[in-house]
Amino acid sequence: MVTVRFRDVAKRFGGQRVLAGVSGELRPGRVLVVAGPNGSGKSTFLNILAGLLRPSRGDVQYLEDDRVLDQEDWYPTLGVAAPDMALYEELTAFENLQLFARLRGVHAHDHAALLEELGLAAAHHHKPLGAFSSGMKQRVKLAQAVLHRPSVLLLDEPSANLDEDGHRRVAGLVTRLRSEAAIAVATNDPREMAWGDASIDLAG
Amino acid sequence: MVTVRFRDVAKRFGGQRVLAGVSGELRPGRVLVVAGPNGSGKSTFLNILAGLLRPSRGDVQYLEDDRVLDQEDWYPTLGVAAPDMALYEELTAFENLQLFARLRGVHAHDHAALLEELGLAAAHHHKPLGAFSSGMKQRVKLAQAVLHRPSVLLLDEPSANLDEDGHRRVAGLVTRLRSEAAIAVATNDPREMAWGDASIDLAG
Amino acid sequence: MTERTWQKSLKWLLGFWLAGVTAAALLWAPAAAGFQGHSFRIVFFHVPQAWVAVLAFCVNLVASLRYLRGRKPLDDVRATTAARLGLLFAVLATITGSIFAKIEWGMFWNWDPRETSIVILLLIYAAYFALRQAVADEERRAALAAAYAIFAFVTMPFLIFVVPRVYASLHPNLVEAARGAVRFKMDPAMRMVLLGALAGFSGLFAWLYTLEVRVARVMAARRAKEEA
Amino acid sequence: MHRSTLLAESLAVLGKEVASELRRRVALNAIGLFAVTTLVAVAYQIGPYGLAEQDRPFLLSALLWIILFFAATAGLSRVFVKEEDAHTAKALRLAARPLAVLYGKLLFNLLLLLALEAIIVPLYCALMGFAVKSVGGLVLVMVAGGAAFAVTSTFVAAIIARASGSNALFAILALPLLLPLLVAVIAGTRAAAGSPELLAVFPALRAVVSLGGVTMVTAILLFPVVWRD
Amino acid sequence: MHRSTLLAESLAVLGKEVASELRRRVALNAIGLFAVTTLVAVAYQIGPYGLAEQDRPFLLSALLWIILFFAATAGLSRVFVKEEDAHTAKALRLAARPLAVLYGKLLFNLLLLLALEAIIVPLYCALMGFAVKSVGGLVLVMVAGGAAFAVTSTFVAAIIARASGSNALFAILALPLLLPLLVAVIAGTRAAAGSPELLAVFPALRAVVSLGGVTMVTAILLFPVVWRD
């Protein structure tokens, strides 16, 4: 179980101030909704939480049983899906999951079951991602984010491009995982905002 | 004014049947909503309408004053925005629009006004697209689709990644353009389905 | 003494020193045997220039390493400044060397290993600046440039040791004759002037370097104030 | 509905390529550095003294074109692959005529190549002691060769970008386009080096021009297929 | 939460590179086309009898490596550049340790180079009449040279991918660093050609191996900085 604590996180890009001091924490079993209009810094904030971007000010800590983790140890605990993150289009859905499972040291995993939980029918598991529809790609991306049972799950617009059924499945996934992971969801979708136990609004 | 007539359009990819004979037309002043779950063939259908994909069966005709247009003459009439279509990330929003305006032979156009209509503040017009948020990119993509006043507008998930305000602006754009263009919107979003005068459901 | 007057007097001292060394090199140092006319006097400038270039590249290395450890923007400024000065002095050494080569060997350029090595050195640091120019983001620019500088630096010993060993065999007569002649005929007065010139040029480098770093520091402070 | 002229469209594509390169702030201002680096890499191995007198015209001409060919490949190979990798091809496909895309990218490559030649060739002749008897002949060969290379490499780059799956055969198709051209330009350069007569380069020049012409026609006919399907 | 071993991760990255390349063959086509074209054109122009006897071992070795060198440069940078172009770098950055990425991509580039050498070298020897006295020595030099080459190219590829992805920049950054290596491998090839003794290649081999070793260690230390920042 990992808790992510962020204090006074601020970010500027060149002259533009994007985040102006955000504090709070992600706790296991809870979902934090990060809201705000386009360009308000939601994705930037998640990138900082993931350690992909350095904040201009403030800091982020990962705490496991009150022990502070080194940044190299953040990655194994993390699952991330985001719009600016693509999987490999030359590889099939299955090969993509297999690749990420290998990278994360997950051995016995039933990729097919996970893909079906996310609503991707078996007929598509062995097609290259380049031939997938937008919603099908999004499902594989989500499967990639959760296949190693991360303790910290950062979902940026998780149901972008998804249909009604997809929406429900993602909601189901979040419900299933909330007991074992600290979850942050950045979203523009009013339906997703309802998932949160807490929320941060980056507007203004 | 262009009418797009499609008859019994079907598409298979390898063994998989994606579209099974769709007929109908896009008429100026009307919005056709193309609905259906993920992977049902909405984008494939729009690609066929745009002449980017050849149908396995059936045909598509562009009629201008009852004259059938050659396929080379489709492109100048067309405006397209789609999730699998990216603009140039090294170029700024403004440069991207300028490029597409030149390619389409549009001379006197106020790109800034168009971007602002779509809710992209002037401060961002001269930033490279690579530094844009997902919603900001989507707005530029939409601006690119309409800047040459197309007679046929194909919008695939037009408000993907957009916030509430963006949604409203896209709805406004469609309303403004419906008098001069034949519009098709492929969507998973219930709110967008309400825009249509007619709809095709590809489910099943 | 306050810091300012101290610095000012150092500057004057450096000026006098360089003037003295130049005068000694051109007028006082005895003629060396084995050279065409007074051409050997170029050594008093050529060698210190080459030395300062090497010194500057070492400073660049240290600053790059420090940047990667501490991520202080000032270290990046230090690295860039050192690389720029190193490049400048390497170019000067090449020019004086070519003039020397024209007089002694009859050609401006011979692809002798020395010449070749310095050209590669010039290319490497020109590449360093091309890389810097190609990255817009400041932090990333600094980190990538530092990584490249360090990586490049470790290949340099090979440039100096491997290359001449293989290449001397190609045209040994040119190379060995020239180098042998100089090594043996260095008399004490000449050595003194050369050491003086080395010290003077090192001082010149130190002055230029601190000046540029100070300017950069002031600019950074002003920008920080504007942003706040 | 508006229509742009083919010329305007081609220039727009060219402008975009130039702007992207400038934005990446590399190719254009570093072009000299690239030329010099490549040259030194070769000159360094085979200096002016490394060659027996009778080998010089052959070898120096061949080496010069290896360098230029490399420069062309390094600069060009990415123009189309990048559009596919970054998913920008669809927008371009919809907005520009295929031929405008071909011409725009071709012009860009041609400019790049001519600029490179302008730097590389004189430097190479100086550094390698390559005495060219007919400067006029050399210039002719360089310009014609540069143009033919730009055509071929642009077309080949387009093929490589789309060579997945069923198009794999195309890559092999490129070989017979490139090979005779390289042979002809080397022969032309050798002729210019060996004889003060401008006429001496004509046989090779004729080969270069006709190969370039044939490739250009092939490219114009086939490019729409390669690009759109 | 699980952890994979570095080896398993590296192999996973390698496997992914191989699978992707087999499906699209961009790097393979670019490299192969350049190498085969120049090789055949040069062979056609110079041929087995075109060079003075005393220069042959040196010139033929130099020419071989110049071709290999430029061919490789045209394709090796793609491993990192395409991840940035296709926006896949983020997922990889999150899932794999930096060193696994380095090792996986390095191995892939090494395989690419060895494949290239396996095709080009025998072809070259046959076409140019390059008689190599110690085949074992040549193989050693080729393998060690290829490995050392792959290290520097892969590292520089990682840098330019984060700068702009320009191939010209890749050449500018990589060539000067590769020149000492080029000198050593040419010397080694010449030694293998000139003497049936395996021992003859050892001095050059020592230089290649130590250069490869030093750059490898440096790359390992610096790569995380390049990859994650």
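In this document, chain identifiers A, B, C, D and E correspond to the written order of the chains, with residue numbering beginning at 1 in each.
Simple rule for what comes next: a residue touches a chain if its C-beta (ideal position, glycine included) is under 8 Å from a C-beta of that chain, and two chains touch if they have at least 3 such contacts.
The model shown is predicted, which means the values in this text are computed figures rather than measured ones.
The chains touching subunit B as well as subunit E are A, D. Of all chains, the one whose Cα centroid sits at the greatest distance from that of subunit E is B.
Greatest centre-to-centre distance from subunit C is found for B, with centres as Cα means.
The mean-CA centres of subunit A and subunit D are about 45 angstrom from one another, to the nearest whole unit.
Note: centroid distance subunit A to subunit B, computed from Cα atoms, is 29 Å. Rounded to a whole number, the gap between the C-alpha centres of subunit C and subunit D is 38 angstrom.
Remark: subunit D and subunit E have CA centroids separated by 24 Å (rounded to whole angstrom).
Each of residues 23-24, 86, 163-164, 166, 169, 172, 175-176, 179, 183, 229 in subunit E touches at least two other chains.
Within subunit B, contacts with two or more other chains are made by residues 84.
Looking at subunit C, residues 120, 123, 126-127, 130, 134, 139 sit in touch with two or more other chains. Residue ranges on subunit E touching subunit A, taken from their complex, read 1-5, 8-9, 11-13, 15-16, 19-20, 23-24, 86-88, 90-97, 100, 229. Of all the residues in subunit B, the ones that touch subunit D in their complex are 50, 52, 54, 72, 75-78, 80, 82, 84-91, 95, 99-100, 102-107, 128, 144, 148-151. Across the complex, subunit D is touched by residues 23-26, 29-30, 32-34, 36-38, 40-42, 44-46, 50-52, 54-55, 58-59, 62-63, 65-67, 69-70, 73-74, 81-82, 85-86, 163-172, 175-176, 178-179, 182-183, 186 of subunit E. Of all residues in subunit C, only 109, 111, 116, 119-120, 123, 126-127, 130, 133-134, 136, 170-171 touch subunit D in the complex they form. Residue ranges of subunit D in contact with subunit C, taken from their complex: 24-26, 29-30, 33, 36-37, 40, 43-44, 47-50, 127.
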